[in-house]
Amino acid sequence: MNSFGRLFRVSIFGESHGECVGITVDGCPAGLSLIAEDLLPDLERRKGGKQKGTTPRQEDDYPFFKSGLFNGKTTGFPVTILFENNNTRSEDYQKQRSFPRPGHADWVAHQKFGGNEDYRGGGHFSARLTTALVAAGAIAKKLMPQLNIAAVVAEINGETDLEKGLQNAIDAKDSVGGIVECKVTGVPVGLGEPYFDSLESLLAHAMFAIPAVKGVEFGAGFAAAKMFGSQHNDAIENMDGKTATNHAGGIVGGISNGNELVFRIAIKPTSSTPKEQHSLNWETGNIENFSIKGRHDLCVALRAPVIVEAVTALVLVDCMLQEQFIPRVIK
Amino acid sequence: MNSFGRLFRVSIFGESHGECVGITVDGCPAGLSLIAEDLLPDLERRKGGKQKGTTPRQEDDYPFFKSGLFNGKTTGFPVTILFENNNTRSEDYQKQRSFPRPGHADWVAHQKFGGNEDYRGGGHFSARLTTALVAAGAIAKKLMPQLNIAAVVAEINGETDLEKGLQNAIDAKDSVGGIVECKVTGVPVGLGEPYFDSLESLLAHAMFAIPAVKGVEFGAGFAAAKMFGSQHNDAIENMDGKTATNHAGGIVGGISNGNELVFRIAIKPTSSTPKEQHSLNWETGNIENFSIKGRHDLCVALRAPVIVEAVTALVLVDCMLQEQFIPRVIK
Amino acid sequence: MNSFGRLFRVSIFGESHGECVGITVDGCPAGLSLIAEDLLPDLERRKGGKQKGTTPRQEDDYPFFKSGLFNGKTTGFPVTILFENNNTRSEDYQKQRSFPRPGHADWVAHQKFGGNEDYRGGGHFSARLTTALVAAGAIAKKLMPQLNIAAVVAEINGETDLEKGLQNAIDAKDSVGGIVECKVTGVPVGLGEPYFDSLESLLAHAMFAIPAVKGVEFGAGFAAAKMFGSQHNDAIENMDGKTATNHAGGIVGGISNGNELVFRIAIKPTSSTPKEQHSLNWETGNIENFSIKGRHDLCVALRAPVIVEAVTALVLVDCMLQEQFIPRVIK
Amino acid sequence: MNSFGRLFRVSIFGESHGECVGITVDGCPAGLSLIAEDLLPDLERRKGGKQKGTTPRQEDDYPFFKSGLFNGKTTGFPVTILFENNNTRSEDYQKQRSFPRPGHADWVAHQKFGGNEDYRGGGHFSARLTTALVAAGAIAKKLMPQLNIAAVVAEINGETDLEKGLQNAIDAKDSVGGIVECKVTGVPVGLGEPYFDSLESLLAHAMFAIPAVKGVEFGAGFAAAKMFGSQHNDAIENMDGKTATNHAGGIVGGISNGNELVFRIAIKPTSSTPKEQHSLNWETGNIENFSIKGRHDLCVALRAPVIVEAVTALVLVDCMLQEQFIPRVIK
């Protein structure tokens, strides 16, 4: 299903080349000041075409509020936001329909939905829907002004010098993957629970909802598997629970411990590589060479940080409401 | 909350040194033959004390069915299973209560639950509850005989020679972490969805519910972040969707593509290391040296594979029911 | 929260005098032929102003599909439908803001949402949102062509001669309540469960989501409380489970028994009566006389049948999906 | 499924003639003092055999806490409670298996669960499971000491003189139905929402989870359908929202308005009437006369009030947590 959250619940809809993409935010406390301008900075960060290596597709990405606001504040009822799709070039996709694109959902979608899927631009699978996530995330952030959620691209194509990583892609005429790191300060102690609602479970669930994410690790993460317990354990330093190190990434026993929240996301290279590929033509049944048309990012990781921040905020705001750190009416 | 699943829903309860741990499985189709012996092989695999590096605590781990069975078959109503705790040594824990153990949930639990948590043996945070998960997982597996779910320890302390990794721990008188790899064959095309119910989201959610898990990656995972798109893309080889490579780990666009499901789990070193530690004594407010008592695994990763298999099965069986690959009554 | 359903999940949004009302239908099987015209007959039935006793407010009530359709069929992804609000007269409501209208949500909304509620035309509380329910219900009906869901007004103001009941209202210059009866044929055996997911629980939950509903009864309902068991019990007549009588209303043990589903809904008189009322003026703090402006139905029960049918269909389609009577892809 | 609630979530399990019935309460705040004696008064009220017209089956109904308590207080983790079944006479049921009992779930359960249902004593359908509901309800009540939830039998067999109603049954050698009325004082303003989470929706959902309930009405309920708006509207009398009348039963727009909560429940006559019945024998395929054996109540309504109170408390405590009227840790 296409919704997420227990008390602060988002539901996404829309397709890349349909009329719009959008999101409904249910459970947002009443009384939050909210105007389109509150969302624009993050929406701007998400946009492609602003930096080397991102798609030249340009959308206005202007959020149209359809419900849930009155006199510039949230009412406590569902906030629905629409983004119009104006800048689509669907003909690019119709041409290459004979090839289910490797790395893309073409083949599985066709099987699962019996050929009824909207394949244009990836349809509902498209990263275009992350626009909606970013909008909802900006609302969530506004409800938690005491938090600082900051994600950055930490690596491209294995390089921490990001320019170099990107140049690798340009030189190879290929797409590349990357790593995004997210840190959150100001998180109160007590979010999450052991087992199914561990904060790691909730955050990982949300992270893997972002297209192209293939790995998530908290704190030392995979490196922890190589460590000794005496190295990995974070000694507690004072009565506030501050730890000397932060190998746990701010989560112990599934619960935030008040230290910085730290996690990293592995993002695969854009499936729509400019390189020629050799794969099934399902009209002929043969393996053939083909090239992908359309406008695509060389490295989707570049656009991911603000999306990672957004879904992080969606998880945290829900936990904060459950733990009553956020009231039902904002004064 | 302590439950998971949409149509096949498990709810766990119990504490390490309380009377029992247990699980309720709701939504299990009627008509499945089920006796305690069906669960014993996996329960046996989970037990400690059988191999070097695991805790000598021995429990019978015998599953007592309390409901949902009649004439040796499931009725379609909730199946509740209890495991008695007989072999507890709570005095170990009372002695060291002045130190919130680093890496453990002592400190966060105390803050979150206002000092009401059952701290003995880690209470509800204890890996003792994974016994219940393994039992439920065995039921889920039995509903999907066409699947082969197999997890193994792939690394200990960074060594693929597992004996060597474990010897590192024994030599260092320290605990160590490890990597568990899980592969599933027989998965039909079409489980999962883009965005919030991506199969990666659901599996990661479940994996991070396992204590000590700090990272999850699918297919090439973090390595994908270093690859070019032309390398990472899995070319489709035939009309059944078989791919030449499997960097995607069997999931594309959040949906299973019929290839082998492959993912890896990073497990941190056991927090209860035998090494002396230097951390807060919350009775004195000072940083002091202390040692952990109790019976513990040197490497919890050793016991993890069957647990990883179990939660994998819980996720898959729920998806299989939603996609109607499993009927509501087993004939 | 503003959503309902486990596998076929609807989420409503919008306000009476905001830009629009709408609904997202998640979990609709792919492949269902769907165009606006499929929804128009039921939408037309819901409209006011067509018959004596209903509000003269006229909206086009044209459903704009914003997502989830491609080539005239559902894709398996969320279907979002918007209805524009064009015909609003908000000034009516601003004038009478000093009186929280008895029977309406003015007072409770103000307390609960801290004064941030959109009070114009009842905001999110308005029956205007039932337009969206009717649209979703029409989709649900289309998925179950074998069912016949038919609701009618059975009584107005205690009269089974409906013209007479309505004339009572006109004569008294007052609003009146009524009873709606709903019958469904073609329901398969096996929908619902004992206890929390009883078919009565689910249907009643949905019925009380309709504004102005104050009572729900199944089969003999409240009359059953006066009967003997030997009278109320429905003798089974044949191996198909057909019963001689239907005091149970087609549901036994929370499960549909294959007989006609029958239930009745009590609808209170329209709160916006044309009569002068005597109630609190919260600006003066005094009890004063006042009259309600705006365009209102004398008897909202008149417009209720199609809404009752719609939410009935929403409940049944969800159960049908869970019991696998409807496939995931419509062929 | 067999669970209910968003933040305070109960899950029931067990069968009438199985080993036990039980319930898990998830989401109970930590720090609540809780011992078996807290539950006994309500459990005692539910027991049969204490008054004329109730079943002579006697169970100890002693609640065994299996988890979630430590040092006499709730820990914040799931509280699982078991009730042993000691006093079963399953042979009564085996004898009459050839007749699917009218009014009972025998026939539908057989169809839905493919003959795998535990039919003894009604299995999971049995009112024996209401023992578990009553236990959970008693916990919920203890979390809301400011509320007074009181249900009574208002009518038996149409008589407000209850002795007379019961005598009707004894004289007719038949079972009878009744009406239960529930009133709650101390409810704060603001529980519930318009549409799907209306307080009426949630309460009705829970009420119809009680076996034998066939109708629910709030305030004036079905009588409202015969009233004029000017009669039904509850004039607001002061700034606290107190109303002169209470035809709304304390809920307006789906939200509690701070006045007394009032609703009535129609309970059908016990299906297991002592009268001979004429119904299908599914072994012979013929309609035959038969009589029901076993120990049964002449009027289940007599035992219903404490169950109605319990599920009322379950609904209210969940709403109270969502609206933050109850903290996460009880001090």
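Per-chain residue numbering starts at 1, and chain names A, B, C and D are given in the order in which the chains are listed.
Throughout what follows, a contact is a pair of C-beta atoms (placed from the backbone, for glycine too) under 8 Å apart; a residue touches a chain by one contact, two chains touch by 3 or more.
The shown structure was predicted, so the numbers you read here are calculated from the model rather than taken from an experiment.
A count of C-beta contacts for the chain pairs A-D and A-B puts A-B on top. Placing every chain at the mean of its C-alpha atoms, the farthest one from subunit B is found to be C. Each chain gets one centre point, the mean of its Cα atoms, and the points for subunit A and subunit D are 44 Å apart. Rounded to whole angstrom, the centroid-to-centroid distance between subunit B and subunit D, based on C-alpha atoms, equals 37 Å.
With centres set at the average Cα position, the gap from subunit A to subunit B is 26 Å.
For subunit A, the set of residues touching two or more other chains reads 1-3, 7, 12, 112, 124, 328.
Within the complex formed with subunit A, the subunit D residues making contact are 6-7, 322-324, 327-328. Residues 1-4, 12, 100, 102-105, 107-109, 111-112, 124-125, 129, 155, 157-158, 169, 172, 174-179, 189-190, 193-198, 200-202, 204-209, 211, 213-239, 241, 243, 247-249, 252-257, 266-273, 275, 277-280, 282, 285, 287, 301 of subunit B are the ones touching subunit A in the complex.
Here subunit D touches subunit B in the complex through residues 1-3, 7, 9, 11-15, 18-22, 24, 26-27, 30-31, 66-68, 70-71, 73-80, 82, 112-114, 116-118, 123-124, 328-329, 331, going by the rule given at the top.
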